[in-house]
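We call the chains A, B, C, D and E, going by the order they appear; numbering starts again at 1 in every chain.
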C-alpha cells in the first residue's frame, strides 16, 4: 500500500485535524495513506531545500506562491506532474490569474488551491468618531495615526518589523505595490524609483513610529488589535473568524467576553491601498498551491492532489474558509460548484457561523473581490520567479529594517537596495 | 657492572601493555576520527567550494512516461526526460524500460534499441535544466485502457553521470571574500565578543557569589544547591522558551510588572531590540551557566584546607581580609581554568541564542551565523567559511588554554 | 605573661560529650604537653583554648581574663597546626608577616619582626620561596616563625612533628626544646608520640576519653603512674602487668613467686617495666618462663617470655644476649620498681 | 621451593636510573628485608620481582626459571601491599578466596583453604564483613590471609605495617615473625623502620640510591657495618661519628684523647654508638663536654653532649641520671666497640 | 572607609538598602500572588529602612521591631510615602498584607544583620560581619527569585489558557478549582501532538546513547588513565581539545554526510551521532576517576592471577560503579536535553525527540500553554533524576567539568 507524505503550512491544531480528516477520506477512497506533516511557514523554504538535498522530499507540499517558480527552477517540483493534474482537472476550471502566476514555459509549477487578499483592518468606530476617511491611501493612514496614536493605550498602527517573517515581506510588498514600486521589470531586476521608494520608506517609517517597539509580526498585530490597543493593522482574512470571537486560542480581549462579536462590528477593512505616486492603488493577494515534488511517488501524489481539488475541495476550503477563497471555481459540468459551496461554509473554530452572519455583505464583497484584481511583483512583467527570489532573500525586509533603525538614510537605502537586488539576479 | 646508558626499546611487559592500550582505544579513536576529525577536514574543504544546500544532490536525470492520445488514432508513448539541476550537465544517460505485452512499438527512435520488449535508449548529454521528450508511436491491438495503466504503472529506469561540486576540482575563495565583505561581519564579531566576554565574566562572578553564599553548612543547603543548579540541568529549549514568554513585550509578566511599577511606560521588547537583545541573551547565558561556575568554585572552596582559615583566625584576619588574601588567591586557579573553559564554550554556544532570538536584533554570533549562512540562506560554502573562522579562533584559544592550563589545576 | 586556666571545661558535639570537665592551670612559661590515645580530645581541648572551638561549658581564663567568649583573633595566642596551615600562595615572608599585616602594623615594623624571626629560625635564605618549595622541616619552622612574629601570650602546638620523618622529627624536637629555652614562653603542645612528650615537657597531661588521667612531670608519670592507664600508656615497650594477690604486706604471683608489698593491700595487679626485670636461672626469680621470641635491636634485645599463668612478659636485656627462643629462664623483678594496682586500676602507692 | 635470584638487575625510568645493577640471591624460606632511606628504590626492586614493574636490564630468576618476561599472574608470588589493597567490594571471604576462584579451583577447596587461613589468622568471625568494616590490624591480617591461601612461591611485603599505629605495629610484627616460623616460606619484606628490620630479618639488604650497601644478618650490620652509611642508618639513636686521626695503631681525637686502634690505618673518622659511651668526671675519658640537652625517656635518658671540636655526641644513660643541661662531664668510649672509617666512608675492620 | 565603622551610620544605610530590596521583593511577590498592583516606594523605604536600621540597634527583640514596623508600614501605605504602594482599588486587606509583609521582611532580618553590633563605633570585624550578613540575605533572595521565577512561569503558563495569560500577565496564581481541567494542555499534547511517542523516543535514544557511550569510553578511559604507552599524555590532553569543537561546526559536515547517505531524518543517525558528542565527556570523566582509583588494588588483582582485561572487568568496574552512575546520568542528561542535532537532522514528526517536538510547538499558531506544557514534560524527568540522584549528578557535573 502506498503512503505519501504531505507537508502543510496550515499547522493550527484545528486545521490540522481537518486536513487529517480529509486525508483519511482520501485513503478510504484510494487506498493510499497520507501522512500530514505540519511545517511552520517560516521554515518551509529551508526545510524544503534541505529535504531536497537529502533526497527525502515529501510527496506533496502545500506552499505559498512565492515558492512555486523558484522551486520549479531548483528541481524541487515536478512540473510535469502538476501540469498533468491541471490538465486532468481542466485548466479552464481554475481562475486564470492564479494559474498564470504558476506557469512556466514547460507547464505549471504547481496546482493553485486557494488564495486571499491582504487587508488593512481598522477601527471603523474610532475613524467615524474622529471623522477620519477609511485608510485607503497613505495620506489617510497618516492622518488617522495623527489622530489616534496615543501609546501605550492606543497605537496608531502595528507594522511588521520582524525581518525573517514572511509577514513583513507581505506587508512591505503591499505597501510598495500601493505606491507602484516594483523591483522587477519586464527584463529582470529594475532599479527602484528613488522618489517613489523614498515615499514608501517614509510612509513605512511613519507607521513603524506609530507601532510598539521591537520585532513585530502578525502575532503582535493581532494581539494588540484584539486588545483594542491598535487603530490599524494589516492582516489576512484569516483574522475574520477570531475577530468575531469564534476561536478561543486567539480571543478578542477588548471586552471581558472573549466570545463577543463586538470588535468585529466596530471593524472596517480595506484591500485596495494607494500611495501618492500610484493613485489607483493595488491589492495584494497570496495564492497557495499544491506542489508535487521531484521525489514523489508521482501517481499517488497526483491522485491525492486531484482528490483534494475535486471531491475533497470543499473540505480543503473548509479548513478556514475566511482565508481560503476558491481558485478552482467549479467542475466542467458546474462551473460555479465550488464558489457556491464555499459561500455556505462555516467559519470559526470553537464556535462556527457563516461569514455572512458575522460581517456585512459589502465587506465580504470587498474582501473577495480583491482577489481578482490583486497583484504581485513580477506577475504582469512575467518575472514572478525573479520577484519571488527577491522576496525570499529578505533583502528588502532587512534594508527597510535598517532604515528604521537609522542605520542609513532613505537615499542610501534605495541605492543599497538597488545594488543588492542587482546581485540577486 | 652497570652501564650508564638507558636500555633501548621497550621490554616485553611494556609492549604487551601498549598493545592492550591501543586495542582498548581503537573503537573510541576510530569513532572520534570518523565524526570529529573527518568533519573538521571536510569543513575546510567545503569552505573553498561554491556549494549550496541544493548542490548536495548531484544532478540526476528524471523521467516521466505516459501514453498520449490513447483515445485517438495515433497513440504514442511519451518519455519526458529532464535534468534536475539548473547548473550541472548530465552525460551518458541511459533510459531503459519494458514495453508491456500487447503494446507494439511502431518506430524506434535514434539512439534506442528494442530487444524483445526491453527498450534501451542512450543520450550523450543533457544540458543544465535541459529537457528531452521522446515520442514513440505505438499500436495497441487490445484493450487500450489496460495498456495505458500497464505503461504508466511500470516506471522506466534512468541513469546518468554528473559531477558533484563537493568532489569536483572546483575551488573558490568567494566564500571568504563574501564573508569578510559582508557588512554584518564585523557586527557579528562584535556581538560574539560581547556575548563571550560578558557572558563568561558574568557567569564567573555570579557563580562566585553563589558559591560564597552556600559555602557553609546549614539546613536546606542541599535543597538550595539543587535549586541553583536547575538552570543548567533543565533542557535549554524549555528554559529558553520560558524566558521568551516571561519577557514577552505584549503578554509577558516582566513587562507587566515593570509598567505597573512605573519603571517604564512602554512595553520593552527585551529580545527584539538592539542592543537590549544582546544584553538579554548574555544575561540568559549568565543565568544558565552560573550554576556550573558555582559548582566548581564551591567544590574548590570546600577542598581548601580549613586549617588555613583557622590559622588566619588566629592571625586576626577579618572576613573580608580572609576573602581577599586567602580565598581569592586560592580560587584564582580554578577561576582562570573556568574562565578559559567557559570562554571557549560560550564562544561556541549556539542553541541559546538561536532559540531566544534566532540571531536577530544584533545577536548574531559566529556560530549562529554558520547556521544562518548554511541553512537559512542555504549557502553551505559560506557557512563552512564561517566555521573555519571559528576554528581558527578556537585554535588560538586552545593554545592559550594549554599554555595556562598545564600550570593551573592540572585538568 | 601567659597563664592559662581551664575551669570545668566541657565540650559537647550535639549529644556527644567529648571533653568531660577539665580543670587545669598552666603557668607562665611552662611547657605543657597533652598526650593520650587517638580521639581522646587532645586537639579539641587545644582548639578550645585557641578559640577555634566553642567552649560548651566552663571557662577559659587567659592571664586572668575570662576569654571564653572571645574570638581567636582577640586571645593573643599563636597556634602551630599539624598540617602547618601555611598560606600556600604567599611567600615565606608574607606568611610570617600576615598577622602583622592584618593588624595594620607599619611596613617597617613588619619587615623587622619577620627578619628577626627568620634569623632565629635560620630561614633567611628561604624568605622568598613559596611553602611548596620547602622541605617538611623548613615548613615546620615557617609555621613556628609565623607564630613567633606575633609575640603571643602562649604558643599552641597541635602534633607539629607528626608529618615529619623519624630523623627530622628528632632534629625538630631538639629545636623546639631550644626555642622554649630561648623564648621562655608558655607552650601547650599536643602529641601522641610519647617520646616527644617525655623529652620536651615540663608537665605532661595524660588524657583519656575527654578526662584528665594524670598531670605531672615526665619522671613522675614514668615512675609513679596514677593508674593502670597511665602506667601502660607511658613507656615503650609497655609495662608488663601480671595478676597478683596481696596479703599482709606481701604479694604472691600465680606461679608461686612473691615478695614484700607494703601499702599495697587490695592490689590485684602488679606492674613491672621490661628494664626492671633481671634474667636468671629457672626457679631463681619471681616467675619462670620460656623465651618465645627474641627481638634483637642492636643495643638491646627484647625477650618475649611466656610465663604461663602470668602471661607473656617483655624483658629488656642486652643486645649481646645469647638467649634463643625456647630457652627456659627465671625472671626476677626489681622490688623498688614494682607497681600495684587495685581492681579499678588505681595505683596503690 | 622459593629461591629468587636477581642478576644485574637495573631499572630505568626514561633517562633516570633507579636501580643500578643489583645482584642478590634469596634462599628458600629465608626472611629477607630491604631497608634504606625513602626513594632508594626498595619498592621498585620488590615490584620488579613481583612483575609489576618491567625489568629494564638483567634477569629475575625464580626457582631457577627466568621470569623476567613473565607477567605477574604467572610468577606464582604473593604480595601484601602497604595499603593492603583489599578488594573493597568483596567480603573478607571473597577477598581471600579470589585468587583460587580466578584459578578455577573447586568450590570445596576454596572454602577449605580460606577457612584454614582464617583460622590461622584469627579472622573467622569477620569472614562476612567488608574490608571497610575492619580495623587496620584486621585488614592487614586479611591481606596476609589472601596471600597465604595461594601457597605462593614467596611472599612479598611492601611496608605492610606502616599504616598501623605504634602498639598495633608491635603486635603485628610479632604475628609476622610467628607466621614465618609456621610457614617457613621465603619472604621478602620492604620497610624503612629499622626496628622491624632488625627484629624480623634473617638477612637485611641495605639499599641506598639504587645500590646495595650491605647484605647481612641484623647483628652483622649492627656490629660490623661495612661503611658509614650503614653505620649511621642502622641503630637508634644514630651512631656518633667523630673526626679522628690514626697513627701507628693508635687513634687520637681533636680534644686530645685517644687509644689503641689496630688495623685502622688511614681512618679519618671514628664511630661509637651511644650505649658504648660511659660517663665519668671531666678529663677522665676520651673527650670532655657539657650536657646540652637531656632527653628523659623513662628507662633511659639520652644526653646530648657538646664536645667542642668533636661535635655533639649522643650518650645513652640510665633514666635515673641526675645530670642536667650545663653539667660538664667526661666521656669514655668502650674500646671494643669503636668503628673506624676511611675518607671514603669504608669501614676499616 | 573608617567613617562607616559606626553602627549609627552602617545601621541605617544597610536598613535603607534592605528596605528597597524587600519592598521590591514583597511587591513583586504580592503582585504575582494576588494579581493586583503593588509597587515599591522610594521615600517610604528610605524612611522605614533607616528607622529599622537604628531601631534594630536599640530593640534587640526581633518581634518587637517587626510589630513596630508593621504598624508604621500599614499606616504609611495609605499615604504617598508608603514603602509599598498599593493600587487604589485594592481593599484594606491588601494594605495590611503589604505592610505586615514588608515589616516582617525588614524587621526580622535587620535584627539578624545587626546582631552583635554594639551601638556606636564598630570594629572592623563587627562591621564586616554585618555587611556580610546583609549580602547573604540579598544573595538568597536574588538567586532564589532568579532561578525560581522562570521555572514557575513555565509551570504556571502550562496550566492556563491563552485568554487568561493575555488578560493579566501579572497573575501568577493557579486556579486549583479547575481540577483536572488544569492539565488540559498536557492532555492535548499527548493526544493530538504525539508527545507520548516523543517522550518514548527521547527516552530510548538517551538510554542507547548512555550504553554506547559507556561501551566506548570505559576501555578508552582505562587505557588512557592506567596503561603506559607512547602517546598516552598527548591523548589524554587531546580529549579536552575535542571537547572544544563547537557542535554547530561539526553539525554542518555531519548534516551533509547524513543527507548524502540517507541517515538524515532517521533515528539510527541520531543514535550514531549522540554518543560522539558524549564520548569525549565520558572519557574525560572516567579517566579522571580511574586515575583516582588505587592502583594497588588492581595490582593485587594482577598478583592474584588476573589478566588486565579481567582486572578491568572484575575489579575496576565494580569499584567504579558510582562513577559509572554519575557518567551515565550526565550523559543521559546531555542526550535528553540535546536540541541542535535533533533540530537539524529530524524532520519527520514520527521520529521526533522531545526537544525537537517542543521546537515544533514554537509556532505562533499553537497556544503558548502547549509550548510550556511541552517544556515541563521535558524538564520534569531530568529534574526528577537530578533531585533523586543529586549526589551522583553533582559529582558527574563536577567531574565532567563543564560540557556546555
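The rule we apply is simple: a contact is a pair of C-beta atoms (placed from the backbone, for glycine too) under 8 Å apart; a residue touches a chain by one contact, two chains touch by 3 or more.
The chain lineup, named per UniProt: B = Sugar ABC transporter permease; C, D = sn-glycerol-3-phosphate ABC transporter ATP-binding protein UgpC; E = Carbohydrate ABC transporter permease.
Keep in mind it's a predicted model, so treat the numbers as computed, not measured.
Novice: What chains touch chain A and also chain E?
Specialist: Both-contact set = B.
Novice: Just to be sure I understand the contacts, which chains border both chain D and chain C?
Specialist: Of all the chains present, those in contact with both chain C and chain D are B.
Novice: Name the chain with the Cα centroid closest to the overall protein Cα centroid.
Specialist: Given all protein C-alpha atoms shown, the central chain works out to be E.
Novice: Among the chains here, which has the CA centroid at the largest distance from chain E's centroid?
Specialist: Between chain E and the rest, the longest centre separation is with D.
Novice: Compare the CA centroid of chain C with every other chain's and tell me the farthest one.
Specialist: A
Novice: Contact counts by the stated rule: is the higher one at B-C or B-D?
Specialist: Taking the two pairs in turn, the one with more contacts turns out to be B-C.
Novice: How many angstrom between the C-alpha centroids of chain D and chain A?
Specialist: Computed from C-alpha means, the inter-chain centre distance equals 94 Å.
Novice: Go ahead and note the Å separation of the Cα centroids belonging to chain A and chain C.
Specialist: Here chain A and chain C have centroids separated by 94 Å.
Novice: Chain B to chain E: how many Å between their CA centres?
Specialist: Here chain B and chain E have centroids separated by 25 Å.
Novice: Express in whole angstrom the distance between the two chain centres, defined as the mean CA positions of chain A and chain B.
Specialist: Those two chain centres are 32 Å apart.
Novice: Two or more other chains touching the same residue: where does that happen in chain C?
Specialist: In chain C, the residues touching two or more other chains are 71, 73.
Novice: For chain A, give me the residues that contact two or more of the other chains.
Specialist: Chain A, residues with two or more chain partners: 50, 53-55, 223.
Novice: Check each residue of chain E and list the ones that touch at least two other chains.
Specialist: Residues 125, 166, 259-260, 362.
Novice: Just spell out which pairs of chains touch, all of them.
Specialist: Taking the chains two at a time, the touching pairs are A-B, A-E, B-C, B-D, B-E, C-D, D-E.
Novice: Report the residues of chain B in contact with chain A in the complex, numbered from low to high.
Specialist: Residues 53-57, 62, 64, 66, 80, 82, 84-86, 129, 131, 152-153, 249-251, 259, 265-269, 271-274, 358, 360-361, 375-376, 378 of chain B touch chain A in their complex.
Novice: Could you pull out which chain A residues touch chain E in their complex?
Specialist: 5, 11-13, 17, 35, 37-38, 40, 47, 50-51, 53-56, 217-219, 223, 227, 248-251, 253, 258
Novice: Could you list, by residue number, the parts of chain E that touch chain D in their complex?
Specialist: Residues 294, 296-297, 299-307, 310, 314-315, 318-319.
Novice: With touch defined as at the start, can you tell me which chain D residues reach chain B in the complex?
Specialist: It comes out as residues 8, 10, 12, 14-15, 17, 20-21, 51, 54-57, 69, 71.
Novice: If we count contacts the way the header does, which residues on chain B are in touch with chain E in the complex?
Specialist: My answer: residues 14, 17-18, 20-22, 24-25, 27-29, 31-32, 35-36, 38-40, 42-43, 46, 56, 166, 209-210, 212-213, 222, 224-239, 241-243, 245-246, 248, 250-253, 255-257, 260-262, 287, 289, 292, 295-296, 299, 318-320, 341-342, 344-351, 354-355, 367, 370-371, 374-375, 380, 383-384, 387, 390-391, 394, 397-398, 401-402, 405, 411.
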